[in-house]
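So, here's a batch of structures to check.
Two complexes are shown next, each including subunit A; its partner changes from subunit B in the first to subunit C in the second.
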Partner chain A sequence: MRDVYVAGIGITTFTRLEYPLSEIASYASMMALKDAGVTEVDQVYVANMGSPRVNHQTALASAVVDSLSLMPAGAAAIENGPASGASAIKAGFQAVASGMEDVVLVAGVERMREVNNLEATDFVATLTHPLAEYIYGVTLPAHAAMFTRMYMDRYGVTERHLAMVGVKNQNAALNNVWAHLQQEITLEGILDSPEAMTNNPYVAEPLRFFDACPVSDGGAALVLVSEEKARELGRPMIRITGVGQATDTHAVFEREDPTDLLAVRKAAKDAFAMAGLSPSDVDVAELHDAFTILEIVESEEVGFFPKGEGHIALEKGETALGGSIPINVGGGLKGRGHPVGATGVAQAWEIVTQLRGDGEARQVEGARIGFTCNFGGFGNNVVCLTFVRED
Partner chain B sequence: MSVDLEKILRPVDTPMKPYEPKYMLLASGEAVVVRQVERDEIPDLLKHVEPLLHVERDFYDVVAARVYSELLAHYRHRYQDQYVLAVQIDGELAAIVNGRQVTPKLGMSLHTLALRRGLRVGAHAFAAKMEYHIDTLGHDEVLIVAESPIGFRRWMIEYKLEKRFDIPHELGGVPSWALTRELFDRARSSLVVGRRPVPDELLDKAMAAILPPSDPPTPPLDPLAATRSMYDPTATSLMAQRWEMEGRSADA
Partner chain C sequence: MAREIYAYKCRLCGTLHYPFRMVCKECKQNDFFEFDTVPLPKAGTLVTWTRVYNLPAQYEVATLGLGIVELENGMRMLGQLEISEPELGMAVIGNVEVVRKEPYDDYYGMVFRAA
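Now for the complex of A and B:
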């Protein structure tokens, strides 16, 4: 198997974007292609979850290739729920690692704000089990709320811990010009003041408004290349060293213990094993904080902290910039936004930015090893990646 | 014999109890003061409303134009029984709300104009306005309309307003909705916040001057401009960019 490098990265502002999907993906892609210094690619993968339903557009990869004039490159769209982005990176990795392709463009894109919040929530909820969950009206906020309640009972996580994640990540986004939320929040304003319940009402108890990521539009892109091509291009040598993917039961109730995110655990374990790394080697991580509870739990399941102690590490500032394992320093999904198909690619974009030392105010000093966890479904399809800067 | 037309044209305002100022914390932790604006302060508001006439998004242009005319008419004594509340953060103008008394038992909400977004400033301002109508002026109900989808969600849906479609509202003649005292009481615990009295330091700062908003709504920019500028500063096509990267000129 050949080594695979990230030679170029690109991203759009995550916000409300009134552009065709393919155009959003194209802008991010052009940025990545220019960054890499390539004009031709062998294969294009476009990650997207909702275009047929939300945007009434299918065959998205063909549209992107045409928009970029990348013909006759191969092209395919990849839909794997909120894990579409990292799944597309995995496909690109496999294409280069196998020797089948030398240059692969991976783009992730979503335009969810074309519909109202109710429709967007319903669209995301279609990833749940159709007969055991969806028909009963379960949404992702509802899933996350039930999960959170169990976690609180089991491990002592409190609403304050959740709010601390929200404040950390939303305020981190202030250092990321591409991030959706550019509004500082404080614990006093969203939790402690007499007005907090109005400023930050329950969305699905115990989760409140500021515990959830925003609904965003946006795109992100990577250019993956072989080692030979990477050296020819002369960009920083950022290698994808580990890829892990795992699944769990579609319906959450079927799990022996719903508070165990086994797919996260296995995907991370496999990625670290493939890379020959351990969680303690990681300098900077991107975890899938669609809801604040998920950052805490994923930080345990991937091995950064023992089970049930993620919130304690949070309290100690271990996960903040300057801590032992900075998590979501670019805002995470909470602050950067969560255009679902783009998220996994945007996580990789942030890690590559960090490993290049281009993080500016949010830069983790001396970062060499990065990690991403892209969480699909409600933990039923998870992709983890490790990245290492080699030069 | 001359006739003093001003006596005919100028409406006679009904005395209305003043709004007692209050303050609250936003999600950002900033303290905001809601207070009644006197007539002689209206010019200070107008200069901050005028730029919003040119913001063609979320109906800011329509709302700002109407607010401007209402405030100006109030200042020049051409609007009867209007009141204006200002929301300020460290003196900085964050929102304006206004309304009027139709009868001693009926109020009419005019506008809610948020100049700071994303922190429920507009929602807090609207709640303060309803509090003034129901609690201070003693109105049984307030007639309301919305010009933007955001307003519709905030007022009609969150407060579960009742239809009064047989009454055309003064704003555009569209069918009215109504907040009754009962509806307001139901919303009180979740939507209406604020503390009294306002600490002297906060109130003094608010009363000292109405400062311009530091981050007012602006005309919509191309949200992809930042991305585009990374590779396309001349706004040429994607193809031209690709040629440039390949070392070819567009004329080749």
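Now for the complex of A and C:
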């Protein structure tokens, strides 16, 4: 297997974007291609979850390759729910590692604000089990809420811990000009003050409005290349050293212990094993905090903290910038936004930014090893990646 | 006759599945139609629950109760709740009712109430 490097990165602002879907993907891609210094690629993968349903557009990769004048490169869209982004990175990794391609463009994109919030929520809910979950009106917030209640009961996680993740990540987004939310929040405002229940109402008890990521449009892109190509291009040598992916039962209730996220555990374990790393080696991590509870639980399942102790590490500031393992320093999904198909690619974008030392106010000093966890379904399809700066 | 929701019992190893899958997760048997249907029990205890405020457009109610129930045979399922003050571990009893209305279809599922 050949080594695979990230030679270029690009991103759009995550917000409501009034541009066609393929142009959002193309904008991020142009930045990545320019950053890498390439004008031709062998293969394009476009990660997206909702274009047929939300944007009435299919065969998205053909539109993107045309928009970027990359013909006759191979091109395909990859739909894998909220894990589409890292799944496309995995496909690109495999293409380069196998020796079949030398330069692969991976773009992730979503434009969900084209429909109203209820339709966007329903669109994401279509990833649930059609007969055993979806027909009951289950949404992703509902799944996260039921999961949270079990976690609170079992491990002593409280609404305050959830709010602490929300405050940490939303305020971290203030250091990231590309992030969707640019408004500072406080525990006082969303939890403790008399107005908190108005500012921060329940969306699915015990989860409140500020426990969920916003609905965003946006795109992100990477250029993956072989080692020979990477040396020729002369960009910082950032290698994807570990790739892990795992699945779990479609219906959440069917899991032996529904408070375990076994696919997260296995995907992370496999990524670390492939990289020859352990969780304690990681300098900076991006975890999939679509809901605040997920950052806490993923921080345990990937191996940063023992099971049931993620919220204690959070209390101690271990997961904040300056802590032992800074998580989501660019805002995470909570602050940056969650254009579903773009998220896995945006996580990689943040890690490469960090490993290049370009994080400015949110830079983790001396970061050389990064980790991403892109969480699909409600934990039924998860991709973890490790990144190492070599030069 | 009362409506039922069914579990699927593997004819080779006896493992019960809900929801339906094509291949048994225990013995991985790969013959077609090797499942018998068995009605799911209606009685159980509440494992977790939520009250949802932002509902998909089909639901013309202010909030929707949802929960995971451990049935008396040890299997779990998700259902809607008609319970004003749900509590973890409480005894519940299910009934099969319309849980989602679409323009041309009514979908039936389990609705749980306090036992």
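Everything that follows uses one rule, which is that the second predicted complex is superposed on the first by the 391 of 391 C-alpha atoms of A that agree within 3 Å, B and C clash if a C-alpha of one lies under 4 Å from a C-alpha of the other, contacts with A are read in each partner's own complex, and residues count from 1 in each chain.
As a convention for this text, a residue touches a chain if its C-beta (ideal position, glycine included) is under 8 Å from a C-beta of that chain, and two chains touch if they have at least 3 such contacts.
In this text the structure is predicted, and so the values were computed from the model without any measurement.
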item	value
Contacts of A:Ala142 with subunit B and subunit C, given as first, second, both or neither	second
Partner chain in contact with A:Pro201 - subunit B first, subunit C second, else both or neither	both
First (subunit B), second (subunit C), both or neither touched by A:Ala285	neither
Which superposed partner A:Met30 touches (first subunit B, second subunit C, both, neither)	first
Which superposed partner A:Thr12 touches (first subunit B, second subunit C, both, neither)	first
Subunit A residues contacted in one complex by subunit B, in the other by subunit C	201
Contact set on subunit C toward subunit A in their complex	18-20, 47-59, 64, 66-68, 76-80, 88, 99-100, 107, 109
In the complex, subunit B residues that touch subunit A	24-30, 118-120, 123-124, 190-195, 223-224, 226-228, 230-232, 238-239, 241-242, 245-246
Subunit C-touching residues of subunit A, taken from the complex the two chains share	117-119, 121-122, 125, 129, 131-133, 135-139, 141-142, 145-147, 149-150, 153, 201-207, 250-254, 258
Subunit B-facing residues of subunit A, complex	10-13, 15-17, 19, 23-24, 26-28, 30-31, 33-34, 37, 39, 67-69, 177-178, 181, 183-186, 188-190, 193-201, 210
